[in-house]
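Note that chain A is present in both complexes that follow, paired respectively with chain B and with chain C.
Let's turn to the complex of A and B:
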């Protein structure tokens, strides 16, 4: 195209010179400036940026990582480039998951695993990330298309499946176990799983997988009325798992009875979802790159601009068997954890001793008291909730196992007999 | 259980409760659970037939009993409306309930999630959570699907979103 435009400019130039009537020069000039503009546009057609081998801290317009590497220079993050070693799995590529994926992609994360079984619809356009021309594509395909354009350095894996089915769950588990990206990594093949799904069933499935794999994960959610949300860090055995207590949600702050639920299942806003995705990825970056405080639970009530926080200890009577195993392992590892903490404290003390004492005298006998004794009250048990948080579902009622005799007589009946009995009833 | 009609309540008390807490990944315990599911479904179907309130057919679509398919129907203004019915048993069952799907109604009502999953959040999910693991497939049909059909089908018919199969056939001929 550029060649044709150049020829056109030359033609216009010779035409201008051959014209004897100078009154026509103005319109020729106008045509020339139009062609100039088109030439300029033709030069700026989108070009895919090529892959970058190392993250550079050089401050030039063409470096996609200069502003991120500046975090290191400013002392916020010790080693930003480590982000390229990390793998993050995002389950649910909807209003929160897709935005979280874009944020991590722009941050230069090493590898993203994306899971969703849904397709992009026009009804999704009130949220961020997906574009109208992607309607009809699977969310995973559309996400890979956009994300690989934004940052080709990120390794993207997409899984179009439903993790709650038996088959989907097996694929989900084996994809998390796969260690080919970083064979030296301990544990599973990913550093963190982010749950960005919109229903309780799928959250329970992520919980099941992470408990079995001893995999740290973060849960996120936005309420059905679109005005509140939350993020939660779950470390199997150390913090409450998702099945330890009924899920915690932020009370909307409006009287539940005045809420109009008739005729709609869920509302959504790009704002609330964007805020929750931002909180989730911020917590992710702090967790992976080891800076600041990683929040165990952070709620967001948009109507009152209220952000409740809390921590939850695991439930020793949790209904999830894998959670109980992780709890046992965590308790067994306590001596090793204590020794490590002590060694760290001593190392810090020895460097501190080398410095001059901060205060030469201590007229008022002020001393620093160790607050580790307070730790036991730090984690709240599930029945004492901070203001503004409520349980989404009731706990299961206590129930007694019936005497063994009844269980025995059900065992005698053959499964095939029962199936035939039901089919016989179905037949007429 | 406040707010439920006395009929549903008395039916519910007659469906046998389940005792084995096991999901499709639990091997022999799942087989035991499956037997209990069949016993409850058989009792519920028999009860519906003897009360002249037969309203569904359901059977396992695979030998593992993790996928179920069938039909359900609802009578409105003396006309019978019948729909395909399907669901998977989730890996976290029975901690989470099966997500019941009516694929033919996908996109026709707002009280449905994509893929034709009926919305059970308010009227059914808290009950299921409270009664885990004693409720099974039969309870999910009785307390989840039946009230959903009773609330939604009259609206869908009256608004013209769904047509009776005889009407649909005659309008095609004309």
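Let's turn to the complex of A and C:
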């Protein structure tokens, strides 16, 4: 806009010089001051930050990546900058997908592919991300606008389409196959697909695409009463696919569109959707950057703050033909997998002696403590903390062990209790 | 801006009519098309949505509250609109506080009080909420700008100050005491204080203020390695205060400012902070709108997806004098509390027969099932679901019970096993 205003000022100046009648100069003056005023107004319009070539760990206020690169110094991630090599596809840019996209954008992901066919409405304003002034825009356009302002380093590709249509599915498949961003990558053109859709039909389509492409993906969902949700990791052939065992309450045999009635909508909350998006992207970061434990399934039941976990094996009777093919391949590849795992273990054992621990130069003196060490010292790891710091809570592992007093009680009552139980059994 | 541009078009038109030399008309044409272009550009500048007088449950795209009011129809919340009566104070508008503020704003909270003294930096861009064009603004100003655009119905009060200074603490206290927004409210002028600060000193100041005011608050925190966090509910006199038992790793006896070194910063992730903000505001909604179980403490350990919970009683040897006073009051008020609880139970019992269940007119046919009913039918509650819908997962309660097969196994091996154990004990 500033370019156009500068051009107008020049045009007005040359018009003034061409004017023979000096009484008209007052009009030119007025127009010029009006352009000046507009120039001032235009300056308050957002200016984008410039792109950053390399991620730096330098601790200065102007570095958008300092707090992420600090994950390396803390010993959490070995090589954070690898995140720029990864492509993630997000299907459904609603209450969960839009927040997941923003989180990945702020983490500096290499490339995001966004799929949605819907438009932004005021009725979406009870969830994070979209703003009232974006009402009427497609969700993909609005997302690209916001995300490119936040981090111009991320390559954004948006697809305004419905993946459940024939045409939409073809474009979806070819976009996942496209390897231009990272030609050396094995498999498809993306590292992970995140399903953030709100219906069973779309989930089955993502499942079909990922089974066909042998593409690892993560599924997410939020209940219609807005107070629970889940995330799930799906690796074709290795874990259950979405058709092997559909999660939570699902429509079976009934067209789900008939379940929705005029004038009725599902409830939603920014809290539940924010938590589910956070858990989904945390699992994504763990999967891509290889740290922590990638959860195969994690539920969130907010009324009781209950978080169930589980793992599901593929169903040999799965109705999805591509799933059965992937299952066969996975079984056939077992000897190769075992050999690879063995070679890796041997290589690690031989280099372990020469290697320094990952956090040797940890300037915070906060170290990732070995579990076995923690147990032997009874949960206190004060050796690992600088003077003046104490662990107030036991570690997660300590918490899951039965308390010592319980074991003691059992030991004391054992004899009498056993005798009584034995008598009861003998009496039968 | 659009007014100015319209005026310029009129001025150009009258200038054209005053011009005797028709060769100059081309310059006017060019200026006019330039103004047209600017008018088009100006239309993409944010326009705020108008205020809404009453929250409506009407299911139309233009209703920003339809998905929240649906919580009533779903039987989750009895009276959602009460949220407009509540005031929440958020101390610290960083990675957790800003997201908490946005969630509450989108939920249509009555009034938010925001406290921070810091400015927005590019180094904050790895967390949700702030945008690069806000760099240099105070966090309070930037938050008010964003939040008032999102929901003009929320009353926003911002305090750009450091609560750990003498002057800052006084303003903090008087702002919490101010009851102009809801003069009939008992106690202080706010319903809840959320502590979203990043250091021990500020937490102790919030603790002091809330103990003095007998103010319920919630504390939140994220670890310096960015991969875990927690929320905690603190009710003066009833639960442990922050000085009774400081959570997680704390600085004791050492000035924590000496722990921070030049060129070193803590790591942070939008995922962990988003999850903690989501859990914090979910607990806030449960507390204010009286649904579900308000968690006294909830941890989030992302490497293992572990969520510890616990409750802490106040410490009779607490170093905080105001805490000891609140503890004394709480004990003295016990007979009154017991009498009130008894009266409430009796009143509920006498009206229970006449009352219809809360979800009788639930148009979704998704019901909040009574726990005891679930247990007696062995986890299947297909009666409560419409035809074609099944519960794929057991309920939270079901999950916590030992699986039936395990009990069966024990029954089968019992006799031999008990004999062996008894022999071993007799041998001693």
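What we mean here is this: the second predicted complex is superposed on the first by the 283 of 428 C-alpha atoms of A that agree within 3 Å, B and C clash if a C-alpha of one lies under 4 Å from a C-alpha of the other, contacts with A are read in each partner's own complex, and residues count from 1 in each chain.
One rule holds in what follows: contacts are C-beta pairs under 8 Å (C-beta built on N, C-alpha and C of every residue); 3 or more make two chains touch, one makes a residue touch a chain.
Worth saying up front: this structure is predicted, and the values here are computed from it rather than measured.
Looking at the shared chain after the overlay, A:25 reaches neither chain B nor chain C. In the superposition on chain A, contact of A:200 is made with chain B only, not with chain C. Considering which of chain B and chain C touches more of chain A, the answer is C. By the touch criterion defined above, A:319 lies against chain B but remains apart from chain C after alignment on the C-alpha atoms of chain A. Applying the stated contact rule after C-alpha superposition, one finds that A:303 touches chain C and leaves chain B untouched.
In the superposition on chain A, contact is made by A:208 with chain B only, not with chain C. Judged by the touch definition given at the top, the superposed model places A:328 against neither chain B nor chain C.
In the superposition on chain A, A:224 makes contact with both chain B and chain C.
Residue overlap on chain A between the chain B contacts of one complex and the chain C contacts of the other covers 121, 224, 246, 261, 263-265, 393, 396, 399, 415, 418-419, 421-422, 425.
Those residues of chain A whose C-beta lies close enough to touch chain B in the complex are 118, 121, 162, 164-166, 169, 199-201, 204-205, 207-208, 224, 243, 246, 261, 263-265, 319-320, 393-397, 399, 401-402, 406-407, 410-411, 413, 415, 418-419, 421-423, 425-426. Against chain A, the residues of chain B that register as touching in their complex are 19-21, 24-25, 31-32, 34-36, 38-39, 41-42, 45-46, 49, 57-60, 64, 66, 70, 88-92, 95-97, 99, 110-114, 119, 121-122, 125-126, 129-134.
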